[in-house]
Each structure stands twice: as C-alpha cells, then as structure tokens.
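Pasting the structures here.
Next come two complexes, and both contain chain A; in the first it sits with chain B, in the second with chain C.
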Partner chain A sequence: MNLILLTIAIPLIAGFLIFILPKKFTNITKFLSTISILISFIINIILFINTEKIVNNYFMFDNLSKFILLFIGLFAVFVIIYSLKYIESVTENINMYFSYILFTVSASYGAALANNLILLSVFWGFLGFTLYMLINTNDNATAESSKAFIIIGATDSLMIIGIGILYYITSSLNISSINISLKQGPIFLPTIAFLTFVAAAFAKAGAMPFHTWIPDMSEKAPIPVTAFLPASLDKLLGIYLLARISISVFELNSSMTFILLLFGSITIIAAVFMALVQHDLRKLLSYHAISQVGYMVLGIGTGNPVGIAGGLFHMLNHSIYKSNLFLISGSVKYRTNTMNMDKLGGLAKYMPITFIGAVIASLSISGVPPFNGFVSKWMVYQGLIDMGKAGSKLWILWLVAAMFGSALTLASFMKVIYSVFLGRSEKKWSFGDVNWTMLLPIIFLSILCVGFGVFAFAVPLKLFIIPALGEIGLFGLWNSQMATLLMLVGIALGFLIYLIGNMKNVRESDIFIGGEEIPSNKRVTGTEFYDSIRDISILDKIYKMAEKKYFDLYEMLKKFTFAITNRLRLIHSGKLVAYILWIFFGMAVLFILLNIRG
Partner chain B sequence: METLKSILYFIVFPGFLFTAIAGILVSWIDRKVTALVQWRVGPPFMQPLYDFVKLLGKETIIPRGSSKFTFLLSPVLSLTSITIVSTMLWHTFIMPSKGFVGDLIVIVYLLVMPSIAIILAGFSSANPLSSIGASREMKLLLSYELPFIISVLVAVINSGNEILMGNILMFQNNNGAIAGSLSGILAFVVAILCMQAKLALVPFDAPEAETEITGGPFIEYSGTPLAIFKLSRWMLLFVLPLFLVGVFWGGFRIEGIDLLWSVLKYVALLVVIILIKNTAPRFRIDQVLKLFWGPITFLAILAVILAYLGV
Partner chain C sequence: MEHIIPLFVAISLATAFLISLLGSKFKFFRTAFPVISSAALVILSVLSIFLVNNNGLMVYKMGGWIPPIGICMVLDGLSSFMLLTVNLVAFFIMIYSINYVKKYTDVYKYFGLLFLMLAGMNGVIITGDLFNLFVYLEVAAVSSYALVAFGTGRQELEASFKYMVMGTLASGLILLSIALMYSYTSTLNMADIGKSLANEGSSSVIIFISVMFIVGFGLKAALVPFHWWLPDAHPSAPAPISAMLSGVLIKALGVYAIIRIFYNVIGSNIYTSRILLVLGTLSMIVGVIFAIGQYDFKRLLAYHSISQIGYVILGIGLATPLGILGGLFHLFNHSIFKSLLFLNSGAVEYSTGTRDLKKMGGLNKKMPVTGNTSMIASMSIAGIPPFNGFWSKLLIIIACVEANEYIYGLFAVIGSVLTMASFMKVQKYAFLGKLKEKWKNIEEVPFGMKFSMICLALICVFGGLLLLPEISNLLLKEASNAVLIGKEYVNQVLGSV
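This part shows the complex of A and B:
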C-alpha cells in the first residue's frame, strides 16, 4: 500500500520541485525528472512482481491495474529520455514541460489505481488539465488545446453524472463492489450510466465520435506529447476504463455490445480512410491513433474472453508501436524541420536506424506477421468469429471492417515509408542519425514490437493479459516462434541463392527511364498515391464533407451553440431599464408559479 | 526434434525445393498454353529452368541512390512468405488433423506479404516508374482484398465457423465441397477473380503493365535478385490456386485415384487463369478499384447472405 502511494507521490513531488525551480536550471530539471521517473518505474516493477492484490476504499491494485501501471511507467521513461534532447528544439519553457509530464504520470497512476469513483473522476479531470497545458506548451495552440480540453471535460462531466446514477442505484462508490446486470431488471438508468462511462473512455482513447481533438492537437503540440498522451497513455487509460466497466462493473446486454461493435468498426474504417489522404505525417499518424482504437473497442465489445484479451493486448501493442512512430516522426522533424510528406524523401540513407525502426513499427501497426500488431488483431478476429459461434449474425460485418481496415492501414504506411524514407527528396540532406538519447527509445520500442510479436504467448500474454483475465480460450492456431524461425530460414535460403548467383559482378548504375535523363526535381511524391481512391465519386463526397468538418461533433456543436447565442445576444442590449424590467418580470412569474403550487 | 523436422519440411518437402520445382513446371504450362492460344509452338520443357539459371549468372545492377538493403531483401521476403504458405497448405493436405504454424487468417495475412515485397522493391528502386508501379500494386491489393476476405469468410460460415485449415478440409470431406452450395460457388468465382489480381495477371496487371511502365517495380531488377523474384512469382502461381482448392473445392488428396482428380482440379483452375490472362485487355487501376469495390464485392456480399440462408 505504501509503495502505491509512493509511486503516485514521487512524480508529483518532483513535478512540484521542477515547477518552482527557476527556468535556467535546465540540467537540474532534466536530471530530476529522469531520476524520479526511473525510481517510480522501478517501484512499479517491484509492485508488479511482489504484490498480489490490494483492494481498499480508495485504491484497487489487481492484475489488470498493475500491468497498466507498469506500462504507464515504461512509456513515461521513454518519453522523458527522448524529450531530454528533443524538447530544446521546441520550447524554452523546459521546466514547465517536464513538470506537466510528471503531473500527468502521477495522475495517470492514480486514475489506473483508483477504486473510488470520485477519486477516479478527480484524477481524470486533472489529466484533462495537464493535457491542456502540454498541448499549449508553445502558447500557439490555444484553439486546439481548448478543443481537447472541452471534449475531454464534457465527457468527464458526463461521467460524473454516471457516477451519480451509480451511487443512486447501488449507494456505493467502490468500483470493486459494484456489479450491475444490464440483462434483466430495470435497465434504463444503468444503461445511461454505462453510456456516460463509455463516452468518457471513448473521448480519452479517441474513438469516434469524440476523436476530433487528436488530429488537431497533433499539429501544434510537441511530438513527445503526442507520442505520450494520445498514442500511449490515453489509450492505456481509456481502454482500461472501458474494460473495467464492461467486464466487472456492468454486465452487458446485446444492444450495448452492438453499440460498442458498431462504433468500433466505424472508427476503424472512417479514420483509416482519412489517414490515407493526409499530407502531414503527424496528422496521418494521429488518424491511425484513432483508427486503431476501433480494434480495442471491437475486442472488448465481443464480450468473450479471447476478444477482450485481444483488445487489451492490442491496446498494449498499439501504445508501443504508435509511440514509436510518433517519436520517429519527431526525429524526422528534428532533422529536416518539416512534417510535410511532399517535401521529405530519401531519409533511409541518412537515418538508417530510424528507418529500420519505422519499417518495424509500420509493419506492426499494419498487422503483418510475425510482429506484435498481428497477434492482437488475430485474437480480436477470433473473438468476433466466436460471436458467430454463439449465434450472432453480424460478426462478419465487424470482421470484414477490421480485416479490411488492416489492409488500408498497410497502404497508408507504405505511403509513409516511401515518401519519408525511400523515394527521392527535393533537396540533398546532409546529416546523420539523431542523438543517442533520441535513438534509445526508438530502438527499445522496436525491439518490443518484434519481441511481443514473436514471443507473444510466452511473454506478454502470459505475464500481463492472462493473469488479468483468466484463461482466454484461443481456438485458432498461430505458432509465432516457429513461423519466425521458418522466415529466418527462408531469408537465409534467399541469401544462399545470392551466394550461388553471380553477386561478384555487382554494379551501380543510374536509373533507367526509357533511356532518358531525368531532372532531379521530377519525382513521384507518395502523397498522391491514393488520389484514385479519393476520386471515386461517393468517397469524394464523403471526403469533402469531412473536410468541412461535418463529422466533427465538436465543431457542429460549436456552430449550434453560436447560432443560439447569437440570437440570445440580442436580449443583452446594455440598457439598464430593460434588464430591470426582465428581472421584475421573472420575479412575477416565479411568485405566480409558487402561489399555484402552494 | 519437432523444430528440425519442421525446418526440413520447409526446405525440402513440401517447402522450398518442392514448391520451386512445381513452380517452374507450372510456369512452363503457363507459357505452353499461352503459346497454344496464340497458335505458336511454345518453349521446350526445360526453358523456365534455363531462364532461371541464366539469370543467376548475369551481372546484378543496383540503381544509384536506392536503398540497397531493401532492394536486395525484397525478393527474398517474397520467396520466404510464399514458401511458408506452401508448407502450411501441404502440411494440412497431408495431415488435416495436425495444425502447422497457423490458421486460415494467418494464411490470408501471409498471402499479403508477396505484395508488400513487390511494393518495397518498387519503392527502394528510386525510379519514378517503379514507384508508380508499386503504388498501383498497393491499390490493387486494397481493391481485391475486400472481396477476397469476404469470399474466404463464406467458407468459414459454411463450415460452421471453423478457422483451422484442417477442420475446413475435414468438414468438406464429410459434407462435400464448399463450392457445392450456391453461396460457395459464388464465393469461389469471386475468389478466382481475386486470385487473378493477386497474381497481377491480365486484366489486372496494371502494376507491371509492361507496355506503359515497363515492368513497374521490376524495372531496375536484373541478375540474381530478378531470378529470385521470377521464381517467387512462379511459386505463387502454384500455391494460390491450391489455396482456393483447399478452401472451396475439397482440398488436394494424395491417396490413389483421388490424386488424379486433385491434379485435374488444380490444372482446371490454372487453365482458367491462363485463358483469362490471354483473352482480356488490361484495366486501368481506377477501373480495377471500381470493379472490385463495386460489383465483385456485391457478389461476395450476396454469397454471405446466401450462406446465412443455408444455400
């Protein structure tokens, strides 16, 4: 118990110290944040290994929350190490940045461990605030950060209503002691409570329709913030909350499952289609951060053990490869100072390690075997097929959405690989790979991508997922270690053929385009690859509507609100007499009403 | 011991050596039938092997300014993934009750890898034409993948939600081939069209389109890497029809007279592929997209609905 408080307190205290430290002591700031985050990560490891289960009125430390805690710590370590060098190129308020990151870590620990619903909503609300401050690190992102804050804050207040309803029904505020079935009895109030929690989880994780803050903020916020919050931490927390409420707090009925599956599928397909046509690397990645949530929601929506395990595992895998991809985009920006894919190209030769990391992470997110993304997607698919065994008819719709979404993801990452790393650039670059503090997280995360894929059953599933959920009942077959071994043998065979072949006579030569010289500014940029998809008439209309933000709940509500307030504004004429008249009129109405009642 | 045995399967039979020899044979059939359609004599039996060996001996040219590692790795990647699929398929044909490496979903995913290899090859060549070809390959993949997934899932529905290849085969042994039902035959037709596109053969050869972008992703390849690519394409021509035979048409049996029947099934599919290839003009890539996402996906959905109705 003390260790739990300690791990929450250390980043908080370190954050305060850095907060009050004068600006110029940047080295102390960096040292303090690195040390505090390392200590809290080590405490998390000790907690993970030694502590079985603690449940009291305030905190709940069980197999699910302890692995979330472990990975929040891990990603925090990576992001802080990466930021040490990177952040200098972005902002001068280094101490503010680090202190808010540490506050975020502390609040996330709290949210993941909270057993008391009030405590949960306090931590949750505080996270919205730190997110706001982090997005606005450079003071140039007021609109974007307010958008994020309003979306998250609004769903947060919805959740507070949900907490109120839960208290009204069960007169308890402890997550561990609430268990409501939506299958029988009065379901109206519990359903509303469940939906408010779903809204909070969706907004945090970035599932549709509460996703719009992510692409907007990604353009302005420092990249490590994007890598830390929407890509990894918010996924961990949002999906954790969703899993918690759909596994232990509520027992879902078929219409609730249907809602989850529907939103999951729409999120996958719609977001990935948006990603296909982006020109800005960060925006593209952030649309994928939305699309991948769909798989997690689908997995949890299946309601069977294998699907839920797949959803949680996908959450973990996504946090790994997506934070990796964002950090890689950060390195690209650090070197080239642009995120426009029309201008990039040919970086593979200059940044080889970053390139390999990008390929691994891209193949992982596209679900190519044997990387980690494949295993979790494959488990989600089994969950969906299992629903069919249980008599559902619509499983095929969700499954096709998920599998086809995976092909679209591959397409959009092939575009990234081409237009950023291969292909030709507009100009000649002259730099090498980035600093080691920026490479280290990328290397580690890439190793995790491969390791969690190849040894999926031996390591992550066995250590993290199965203890949290119990037996998961896989019925498909995927022997990842054997498959990897065979692939390696195959690659060795291929190189054997190279040895047999005439590889002594290797010559470099200019490219061949019908024998013509080609000027270096004539090049194919990857960004136009999918224009022929865009030009399909139905899709064209949808894309145009999306660009006008018709699908953006926030913008639509904003328009609606302004339309109403513009009318109401007329009442505020500024004439005192009119105001007094209104006051008297109102009082008169009130008196009359009270008289009627009395 | 199991591991060593699996590696042996992978290298010799039914893996690399077997599939490579069969692929070379199949490519000869392809060329011979094509020649017959065009009223020519066609190449001698050993010609594909001669081609392969000759390419191995040729000089290898690597385009300047390309990513060498990716350039040389891509053909190997293609070869590897096809070999794994072939090993998995034959393993289930011979011993349906014993699983090997992965299930149906894994095979569908592994079958995407040859395309990824071609795309990476095109991208790493630093040639505008190969980039265009690779981007077309990607769009081609996107277009056929949707109906392909749906049609394969029809087999899953009809076999009672089985995703292990072995169980699908055993289901067909007991209840007749999937393609025996109306929904099954519809899905089978859709899958055949998707197979044509997966092989990037006419009318879906826009990625290579020799007369417009001179081979697309392969334009810069020569010598040994090209030999490996060619071999892997031949192997794919051998493996993909077998996959369809396994999923829809009762599988490939090797006992007694069944062997002849199985070979006939395979050759029938092969001849269909070759005939389509030799009698159709090329679609533009946007036409391919509209064709696959429109009518063909509609057919596939119809097959799903029929499958739910039990016909």
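This part shows the complex of A and C:
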C-alpha cells in the first residue's frame, strides 16, 4: 500500500519542485525528472513482481491495473529521456514542460489505481488539464489545446453523471464492489451510466465520435507530448477504463455490445481513410492512432476472453509502436524541421537507425507477422469469429471492417516509408542520426515491437494480459517462435536463390509509377500515392464534408452555441424599459405558476 | 459570548465613519486601517464559527429587549458561514485595493463606501428581524450604486443609473412584501413570523408575498430573468468592487435572504423549491450562453456570475442535504474564484489599460502571477479537479441524480462545459499564445495586488479540503444543517431568549 502511494507521490512532488524552481536551472530540472521517473518505474516493477492484490476504499491494485501501471512508467521513462534533448528545440520554458509531464504521470498512476469513483474522476479530470498545459508548450497551439481540453472535459463531466447514477443505484462508490447487469431488471439508468463511462473512455482513447482533438493537437503540440499522451498513455487509460467497466462493473447486453462494435468498426475504417490522404506526417500518424483504437474497442466489444485479451494486447502494442512512430517523426522533424512528406525523402541514408525503427514500427502497425501488431489483431479477429459461433449475426461485418482497415493501414505505411525514408529528397541533407538520448527510446521500443511479436505467448500475454483477465481459455494459438524461425528461413532461402540465380543479369529499366513512365530526373514524392481515392464518387463528397468538419462534433456544437449566443444577445438591448418589462413578465409568470399549483 | 454578534456591523460601520472623517487627512486611514479593520472582522468570523459549533444558535437582544418586542440578531451555522465568506473576500480586496485605487482621487470615499457596503452585508446576514434586513439591504445597495459609479465616466454613470433603477424596484418589491407580511402576521421578527405562519397555515397572501420575495431577492441575486442590471453594473465598477459585487454582494443580499426566508421563516414547500430549481437552471444556462460570446473580460466574468449563482440556487432548490451542502459550498467557492478572476482582470487593466480580450495576448510571459492565478481560477470555475469548483459542482450534480432530477443534472453538466469553453477562450486570448508587440514593456502588478491574488488562488487549490469530515463538520455541515432544520429555526430562536 505504501509503495502505491509512493509511486504516485514521487512524480507529483518532483513536479512541484520543478514547478517552483527558477527557470535557469535546466540541468537540475532534467536530472530531477529523470531520477524521479526512474525511481517510480523501479517501484512499479517491484510492485508488479511482489504484490498480489490490494483492494481498499481508495485504491485497487490488481493484475489489470498493475500491468497498466508498469507500462505507464515505462513510456514515461522513454518520453522523458527523449525529451531531454528534443524539448530544447521547442520551448524555453523547460521547467513547465517537465513538471506537467510529471504531474501527468502521477495522475495517470492514480487513475489506473483508483478504486473510488470520485478519486478516479479527480485524476481523470486533472489529466485533461495537464494535457492542455502540455499542448500549450507551443505558443501557437491555443485553439488546439482548448479543443482537446473541452472534448475531454465535457466527457469527464458526463462521467460524473454516470458516477452519480451508480452511487444512486448501488450506494457504493467503489469500482470493486459495483456489479450491475444490463441484461435484466431496470436497465434505463444503468445504460445511461454505462454510456457516460464509454464516452469518457472514448474521448480519452480517441475513438469516434470524440476523436477530433487528436489530429488537431498533433500538428501543433511538441512531438514527445503527442507520443506520450494520445499515442500511448491516453490509450492505456481509455481502454483500461473501457475494459474495467465492460468486464467488471457492467454486464453488457447485446445492444451495448452492438454500439461498441459499431463505433469500433466505424473508427477503424473512417480514420484510416482520412490517414490515406494526409500529407503531414504527424497528422497521418494521428489518424492511425484513432483508427487503431477501433481494434481495441472491437476486441473489448466482442465480450469473449480472446477478444478482450486481444483488445488489451492491441492497446499495449499500439502504445509501443505508435509512440515509437511519433518519436521517429520527432527525430525527422528535429533534423529536417519539416513534417511535410512532399518535402521529405531519402532519409534512410542519413538516419539509418531511425529508418530501421520506422520499418519495424510500420510493419507492426500494419499487422505483418511476426511483429506484435499481428498477434493482437489476430486475436481480435479470433474474438469476432468466436462471436459468430456464439450466434451473433453481424460478426462478418465487423470482421471485414477490421481486415479491410488493416490492409489500408499497410498501404498507408508503404507511403510513409517511401516518401520519408526512401524516394529522393528535394534537397541534399547533411546530417547524421540524432543524439543518443533520442535514439535510445526508439531502439528500445523497436526491440519491444519485435519481441512482443516473436515471443507473444511466452512473454507479454503470459505475464501481463492473461493474468489481468483471470483464467481464460485461449485458442487459435500457434508457436510464434517457430513461425518466426520458419519465416526467417524462408527469407534466407529466397535470398540464397537470388544470389545464386539472378545476380548477374539484373535488368535495368525505366521508372514506372502507376503504369506511366517517369523521367529519371523527376522526383516522385510518394504523397500522392492514394490521392485517386478522392475521385471515387461517394468518397469525394465525404472527404469534402470531412474537410469542412461536418463530422466534427466539437466544431458543430461550437457553431450551434455561437448561433444561439448571437441571437440571445439581441435581448440585451440596453433599454431600461425593456428590462423592466421583462422583470414584470417574469413576475407575472411566477404568479400564475404558483397560483395554479399552490 | 453573544456580544460579538453586533460587532460585525459595529466595526464596519465605525470604520466607514472613521475613514470618511479622517481619511482625507491621514494616509493611515486610507491604507493600513481598512486592512486592519477587515482583518479583525475575519478573525471575528472564524471565532463565530467555533462559537456556533460549541453553543449552537445564539441570539443577541438589542438593548436587552426580548424579541418579538425588541430587535434581535441571530448567529447560526448559516450566518457564520456567510460571515466568513463575506469578510474573507473583503479582507483580500482591501489589500488589493490599496495599490489599485491609487489612480482615483478621493480614495478615502472609496474605502468609506466599501465599509458601508460591508456593514450592510454583515447586517443582512446577522439580523433576525425582517425590516432590519431591509434596512441593511438598502445600506449595502445604496453604497454599491455609488461604488459602481466611482469612475464617474459615461459608461459607469449609465450602468449605475440602470442598476439603481432596478435595485430600487427590487427594494420596493421587498418592502411591499414585508409590509404585507406585517399586516398578515402583526410582527416583524423573523422567528415570530415563522411561528404565526405555522399557526395560520398557508393562504394566497403567502403566495403573493412569496412571489414578490422571489422577484425582489432574485433581482438582487441576478437570477434570470431578473439579471439585467448585472452585466452593466459589475464590469463598470473598479475591479476590486466588481470582485466584491460579484463575489459576495449578490450572495449576501440575494441568495442568503432567499435561503433564510424560504427555508427558515416561511418554510420550504415543493412549489417554491421547484421554482428555485427552474430559475437556477435557467440562470445557469442563459448566463453562460451570454458569457461565451463576450470579448470584454469583465463583462464576460459578470455573465458568469449569473451562471454560477444558478448553480448555487439549483443546489439549494433541490432541498436535499447533499444539494444544500453542494449549493452552499459552491457559494463559498464562487466567491473565492470569481473575486480572484475580477482581481485578475483588474491587474490586466492596471498593466495594459484594456479590458478587450482581443487586444491582449501572451500576457503570461510578462505577468506570470496574474497569468497563473487566473489559470487556477479559470480551472476552478470550469470545475476541473482538484480545484475547489470541481468539488461543489460534483456535489450538485450527484445531488441532482440522487434527487431523481436527472435533467437538471444534465443541464448542470452542459453549463459546466460551456463555462469551461468560455474560460478556455479567456486563457487563449489573454494569457496564452504569443506576446503581442505592444505589450513588450508592461510589468507585473505591485506586491499588494499579487499577494491577494496568490492567497485567493491558494484557497482555490486547497478549497476541496473543506469537505474533509473534520473541517466540514465545523463549517459546511453546520451551515447546511441550519438550512435543513427549516422551521425548527423558529423554535431555536424563540427558545433561546
């Protein structure tokens, strides 16, 4: 118990110290943040290994929360190490940045460990604030930070209604002691409560329709912030909450499952379509960050052990490869100072380690075996198929959506790899790979991408996911190490055949793109690879509507509110007589009401 | 120990008198003296909380005459809670004012009027007599008319005039209903009125009186649709006065009087509670919708006062223990963060000379104290944990759900989101972003102003601790119990003489 408080308190106290430290002591700031985050990570490891289960009125430390805790700590370590060098290129106010990162870590620990719903909402809401302040590290990001904060804050407030309803129904505020079935009995109120929690989880994780803050903020916020919050930490927390409520707090009925599956599928497909046409690397990545949430929601929506395990595992994998990808894009920006893929190209030569990391992460997110993304997507598919076996009729629809999305993801990342790292650049670069503090997280995360794929059943599933869900019967297993080995053998054989056979008579020919010959002096940026999908008759309209933000709940509500405000302001005419008439009108209404009632 | 009760009025009146008499001659009386005097009032308020906690309700008989013949003053949990709120805010405003009002001539009149207003508010809170309440209410209101016009510019005078017309309308309605009440019950002592109403039972006269009380005090509390004066009056006053008006005046004159009369004297019934619920919700939503389109910093804040008072009234109107606790807690919190926000706006005006949000930008870089405290206050009013506004809104929303009033809970959430959006706007335009070229040479405000803002911000940060059982038993629980006992108040007052 004391260790739990300690791990929450250490980053918090360090954050406060850094907050009040004068600005010029940047080295102390960096040292303090690194040390405190390392200590709290070590505490998390000790907790993970030694402690079984603690449940009291305030905190719940079980297998699910302890694995979330461990990985929040891990990502925090990576982000802090990466930021040490990177952040200097973004802001002068390094103290604020690090203190808010530390506050974020502390609040996330709290949110993952909270058993009391009020405590959960406190930590949860505070995370919105720290996100807001972190996005504001960049002076130009005020509109984007407000948007993110308002979307998250609005859903947090909705969640409070949900908490109120749960308290009203069960007279308890402890997650561990609430268990409500939506299958029988009065279901209206519990359904509302469930939906409010889903909204909070969706907004945090970035599932549709609450996703719109992610692409906007990713364009402006410092890249470590994007890599840390929307890409990894917010996914961990959002999906953690979704899993927690769908597994232990509520017992879902078929219509709730349907809602989850529907929103999951829409998220996968719509976001990946948006990603395909992006020219800005960060924006493209952020749309994938949304799209991938769909898989997690699908996994949890299946309601069967394999699906849920797949959803949670995908959450973990996604956090790994997506924060890796964002950090890689950060390195690219650090060196080239642009994120426009039209201007990038040929970086593989200059930044080889970053390039290898990018290839590994891209293959992972596309779900290519033997990388980690494949395993979790496979499990989600298994879960969906299993639903079909159990009698669900629409399972084939969800499955097709998931697989189609995966194919498009691969296509999208082909474009990224080509136009950023391969291809030809507009200008000659003259730099090498980035500083070691920026490479280290990328290397580690890439190793995790491979390791969690190759040893999926031996390490991550066995240590983190399956204990979190209790005893479940997994199926569709295969020997992933052996599969990898066979794949490597296959690749080696192919290479051998290549060496023996065709080495000497390689045919050189003209460059073709899309069936057309390209003169060798013309540069192919690769960004227009899939632009032609805009020409498909229905899609072009949808794209145009999306660009006008018709699907953006926030922008629509904003317009609506301002329309009302502008109308209502006319009442405030400044004429005293009108005001007094209004007062008497109000009084007359009150008289009538009270006389009828009283 | 009931002899401390009249001190709240006596000290503030005497201070007002001394400042008016000597303030133009001696610097002491327009700088340190107001601070010392209001510090004394804060200490007395804290003392009164402990007294009430030990002794329960206390009655002070003016001149030894036994009520209902003589006038009495009553100190209970609700009064001591309100006294603390009013005097605490007043204390910080005095400190802030010393630097702020240097730009005005006749500073001593400013402090004199301020203490007169304080005397009126303290009087309203502690009096046990209905007509006496009216007199104190007028004392506070008249001095506030003068204070709104203190800048004597065109805008100030116009606002003050409108404020005075509508304020007088409110006073007239209140006086009329007091007269009717007197003719109906033949007494003016609040406890005695309660007693004779209990004997008489309800009648259409009471309904008539109730409506006029709601309208009259609703005007003072600026509930929609009786709010028209506030968005003109509050921004026109000097910033510390705006803080005082929005922070405490509308609550002492409006909300407190509504609670006292409808819960303790007339006795709550389902219809008046329902009206309060509706009026509160209406204020909550309409106020914030007006606010969100504003670009005048102080006017935006003024509209938010309407909205936040709506939350207080919503909580009170629920008439459940949790609702009343939440409403009163929000009353306290609102007086802290709204005064802070007005002081922030004053600090910005002090340094840059503008109230137009569009002209500001990036002020955080030059005015870190103002920027950071305003960030804390904005988060508090938006209901972001762990700041104080979050806790009271949480209580109110949960109370709505608990009382089966889900729709009101939903409106509370919508209001809260819009409030948040509106303060994001303030932060975006005023304090965050890039510093504009023309503000390159501005400076942070002097120490006194910074001190007040920092103290209020600290209360915002740690305000949630008031809900800890030990502290809430002393303050909030006492206050909400005083409301919840309802007409038992009558017996307690009459029993203790």
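Some observations on this one:
FYI, the second predicted complex is superposed on the first by the 553 of 598 C-alpha atoms of A that agree within 3 Å, B and C clash if a C-alpha of one lies under 4 Å from a C-alpha of the other, contacts with A are read in each partner's own complex, and residues count from 1 in each chain.
Note that in this section a contact is a pair of C-beta atoms (placed from the backbone, for glycine too) under 8 Å apart; a residue touches a chain by one contact, two chains touch by 3 or more.
Just so we're clear, the structure is a prediction, and the values are computed from it rather than from any experiment.
In the superposed model, A:I49 makes contact with neither chain B nor chain C. Of the two partner chains, chain C is the only one that A:W582 touches; chain B does not reach it. Residue contacts after overlaying the shared chain place A:L570 against neither chain B nor chain C. In the superposed model, A:I20 makes contact with neither chain B nor chain C. In the superposition on chain A, contact of A:L158 is made with chain C only, not with chain B. In the overlay built on the shared chain, the residue A:N595 is in contact with chain C alone; chain B does not reach it.
A simple residue count on chain A separates chain B from chain C, and the partner touching more is B.
Comparing which residues of chain A touch chain B with which touch chain C, the overlap is empty.
Residues of chain A touching chain C in their complex: 118, 121-126, 128-129, 136, 139-140, 142-143, 145-146, 149-150, 153-154, 157-158, 160-161, 163-165, 167-168, 192, 558, 561-562, 564-566, 568-569, 572, 574, 576, 579-580, 582-583, 585-587, 590-591, 593-595, 597-598. Those residues of chain C lying in contact with chain A across their complex are 162, 165-166, 169, 202, 204, 207-208, 210-212, 214-215, 219, 225-226, 228-229, 231-232, 269, 271-272, 274-275, 286, 289-290, 292-293, 362, 379, 382-386, 390, 393-394, 397-398, 400-402, 406, 409-410, 413, 416-418, 420-421, 424-425, 427-428, 432-434.
Here chain A touches chain B in the complex through residues 346, 348-349, 355, 363, 367-369, 374, 378, 381-382, 385-386, 388-389, 393, 396, 399-400, 403-404, 407-408, 410-411, 414-415, 417-418, 421-424, 475-479, 482-483, 485-487, 489-491, 493-495, 497-498, 500-503, 505-514, 518, 522-524, 526, 529-530, 532-533, 535-536, going by the rule given at the top. Interface of chain B with chain A (complex): residues 3, 6-7, 10-11, 16, 55-67, 70, 72-73, 75-77, 79-81, 83-84, 87, 99-103, 105-106, 108-110, 112-113, 116, 119-120, 123-129, 131-132, 134-135, 138-139, 141-142, 145-146, 149-150, 153, 156-157, 161, 163-164, 214, 219-220, 223-225, 227-228, 285-286, 289-290, 293, 304, 308.
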